[in-house]
Amino acid sequence: MSRQKFYGIVAYTVTPFTGEGEAIDAATLRRLVDRLIDQGAHAIAPLGSTGESAYLSDQEWEEVAEVSVRQVNHRVPTVVGISDLTTRNAVRRAKFAESVGADAVMVLPISYWKLSEREIIRHYDAIAKAINIPIMLYNNPATSGIDMSPELIARIVREVDNVTMVKESTGDIQRMHQLVQLSDGAIPFYNGSNPLALEAFAAGATGWCTAAPNLIPELNNRLYEATQQGDLAEARQIFYRQLPLLQFILKGGLPTTVKAGLKLLGIEAGVPRHPLLPLDEERTRQLQAILAELR
Amino acid sequence: MSRQKFYGIVAYTVTPFTGEGEAIDAATLRRLVDRLIDQGAHAIAPLGSTGESAYLSDQEWEEVAEVSVRQVNHRVPTVVGISDLTTRNAVRRAKFAESVGADAVMVLPISYWKLSEREIIRHYDAIAKAINIPIMLYNNPATSGIDMSPELIARIVREVDNVTMVKESTGDIQRMHQLVQLSDGAIPFYNGSNPLALEAFAAGATGWCTAAPNLIPELNNRLYEATQQGDLAEARQIFYRQLPLLQFILKGGLPTTVKAGLKLLGIEAGVPRHPLLPLDEERTRQLQAILAELR
Amino acid sequence: MSRQKFYGIVAYTVTPFTGEGEAIDAATLRRLVDRLIDQGAHAIAPLGSTGESAYLSDQEWEEVAEVSVRQVNHRVPTVVGISDLTTRNAVRRAKFAESVGADAVMVLPISYWKLSEREIIRHYDAIAKAINIPIMLYNNPATSGIDMSPELIARIVREVDNVTMVKESTGDIQRMHQLVQLSDGAIPFYNGSNPLALEAFAAGATGWCTAAPNLIPELNNRLYEATQQGDLAEARQIFYRQLPLLQFILKGGLPTTVKAGLKLLGIEAGVPRHPLLPLDEERTRQLQAILAELR
Amino acid sequence: MSRQKFYGIVAYTVTPFTGEGEAIDAATLRRLVDRLIDQGAHAIAPLGSTGESAYLSDQEWEEVAEVSVRQVNHRVPTVVGISDLTTRNAVRRAKFAESVGADAVMVLPISYWKLSEREIIRHYDAIAKAINIPIMLYNNPATSGIDMSPELIARIVREVDNVTMVKESTGDIQRMHQLVQLSDGAIPFYNGSNPLALEAFAAGATGWCTAAPNLIPELNNRLYEATQQGDLAEARQIFYRQLPLLQFILKGGLPTTVKAGLKLLGIEAGVPRHPLLPLDEERTRQLQAILAELR
């Protein structure tokens, strides 16, 4: 199990639907995967928050996982989001992801009821025991309702064998500092908060998990490269340039805004699934203006 | 559609499982329903948060809905929780609940992505249009991640025809004041925060949606009756008596603590489903001490 | 030291200024004190938050304390706010309040830097040791920046001899429940959050510390009396009647809104001191409408 | 009025007291000023939060201002904290600071009552009109209780003539991004949150206002220099090295921890003033260990 193969721009795919969000549009999904790889993404992450994973039936989920991983075909590594409310179903999904060739799985401890630390650890442990690929632990209290402290995260990485990467999406840079301190820099961490991209790389993030490459892949890549070359002035300039887009997609919800942005770029990936609604007209115009500015 | 038939103690059922949380234990579920009615509950609410609704497959959900409503058999009214992440599935569940004889459905706008007001309203509207029984709107940001302001709630009650009741579970008494003010007292509201039971009735709540009657039905009923008779001194005394139990089940999570409490009372309703874990030993002892004190 | 003499409506005085907030207007202050007592306040509380205590020089503070206490002249008890950033000055003020005849002092642990529990306890202890009248501990994180947990408050009441009363202004009814539980009901507590008046009395509050009697004394008294007689329906009706005024003065800031209200009632108590500004025109019209409704 | 002379490490002085916090120890104050300048601070900031400004009498405040500014003697620029609860006294202090030779004043809108935007703007305006030196606007809701949004800050900089610099101490890097965006990068901003030092410089901060140079001046300077040279790897390494100290002084309160640290370094600057207490033994040992590690 090679620990460091995920780095740089880890790009989220959206899940394209036909019609009013009825069925998976596999052909478009394949095209979106190719497009991300062709434009320089260092890894592909299907079925994350952006992929509306939470709104798919089990069968749909499996279809998206299989189509995505097979389409990537190891050109770059894939990390598949397998989060589910029950441990049983999360395990099932993790095994499926492994079976179709995923390089890693991403696990967010979503839950209706708040989970205790004991329950969170058991959840990760049950998944880890069921598979032989690495787990990227994912912390995102804004969507999951569960906030894992840096101390708990470091403990899980220590105690659960194949949890080897951490995606931090609180947007709090101090969490990343603490992960570095708690592990003497040994835990690879990935930033999941778009408007924190510059500072997360400054603080030592290994990668940036983001849906933005669907819309502005070149700017995302250039930010990563500038930070890798230690060119802070260049990194800062490129970051502020793309910041309005990053803020917009965060605020408006990723599936909603990225699907609207793809449409503005000429790619029909359908609408998000209800209760999510397509971006309204006013905000679509705002997004168009932001994209026009960046071309 | 009679608007006011839900009042007083609206009792939540747990969902009993066999073994390690594998299958629905329908026989025990029937027994728990009978027990709640026999001990004086004014209404029964299956498949709420307490009922681990979020952790059931669609088929299991339907089984619990059908068994519960048929067992109640109109001895008291039933309100069935039909919340689901997608509007499509919420509609499907609402129709099923109506078809098996539910008197009302309870709808919490759970969502992975935060919903805009427009999205929340459409979600309620889609469900309302699909059924002919009333909807109890349910606000509980702690579990759903979505907080509906009193202004939004009042608007939904005004605009969506069969949303006729509101369950408020923020624990913020000011929300109830605002609901009264925004509707000149016309919206029946129900308290869903156990440690607020006394004050919610003081502020004019029509009912108390609670899992506590599984453990202390008599104290719950006496609190309601004292407030109805305007006997504030008696109500206060009975409230403080049961408060430690109410605090305990809130803090420990309702399915976890109520199932542990049922076991202490001699009723085997199984364990909560993973990732939830059974109450640990230390807290089980605490619960035992609290229950012993109340007998 | 009789513990229970403070009860019912504990009325805050504003501090009237001449001109643009320059000097103390002692004549008007005396008149306001008389007015509150004549209209039924059960106790008078000068130099609280409402009294702009924080904006007075030491000399002005002493003038207001002396004029107020002497004007009350033991017709009802007085509790004087002596809070200051330094322990040294708080002690000095407490001794002065005692020397001019105050029945008690109110102490809020304001501080620029957050205080540790150890520092808070020492602060109370230093004041308590310097005087022979009771202390009303005051918790109000919204103005002081320091939040004392019920556990800490109960500990201070236990450990520091003449801390005998607690004013809770967080607006969180659960804090009051916890004070009751932590002391078996032995700590007299007073509500300092106006829109919580009904529920605080329901939960067992001994009194209500409020600036509202400057504007609507009769409604305040009637609410108290209804709760004392256990007439919950009447209490609720009177509470909702006055709630718009209570919400308005909380939201707009007490010195600002109460001085504006006094002016609308024909009493010129001057403007609040800069940086506070007089209520603007639009909100003055709102206040006028609310007051008109209540007459 | 030259706008850009404050940059780099803007070092806070503590206010040394004699005995138990009784009187100003002017001799030590002079020595601390010299020490900071000799060790490379780019500017000196007396009477900030660290300087216990809030706990000084008016006379003491003036003594510290005069001694500090005269001792700096324009070797580097000085920015004097003049915050006070009343506008009147803040104006008085600002004029005094200017009269003794300060290059700028720092203004935090502290207030007992929350201030409206209108009140905040008037407060700044009144101070600005009274002096001819620049104002550094200071936002620190954790100590002041008032949070100024980036939009409000940008508006004040636009509308109030000599507000030319902004010190942001929320610790939220997004606030700095927004200041850049709202002013097209024209507002010089300074970071006041120690554990954000690396990222604030990455985001374009002009300076770092910090008490840390009293204890670790060389590491502070090297961090600044590395970021100026765009050497991100070096900056990151130096930042993580000093981070434990930065976290410690933030958590423990600056006057308390910096005075304890000075004592550990052989410099007797006295204790903080009550209600603040000296650092306790256990934490003093922790601080000693952190400092030992950094030597």
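The letters A, B, C and D name the chains in turn, as written, and every chain counts its residues from 1.
What we mean here is this: a contact is a pair of C-beta atoms (placed from the backbone, for glycine too) under 8 Å apart; a residue touches a chain by one contact, two chains touch by 3 or more.
Because the structure is predicted, anything quoted here is derived from the model rather than measured.
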Intersection of the contact lists for subunit A and subunit D: none
Relative to subunit D, chain with the most remote C-alpha centre: B
Separation of subunit A from subunit C, taking each centre as the mean of its C-alpha atoms, in whole Å: 52
Subunit B and subunit C: spacing of chain centres that average the CA atoms, whole Å: 39
Gap in Å, rounded to a whole number, between the CA centres of subunit D and subunit C: 35
Overlap residues in subunit A, where contacts from two or more other chains coincide: none
Residues on subunit D engaged by subunit A in the complex (per definition of touch): 171, 173-174, 177, 180-181, 185, 195-196, 198-199, 202-204, 227, 230-233, 235-236, 240, 243-244
In the complex, subunit A residues that touch subunit B: 49, 52-55, 85-88, 109-116, 118-120, 122-123, 126, 142-143, 145, 253-256, 273-277, 280
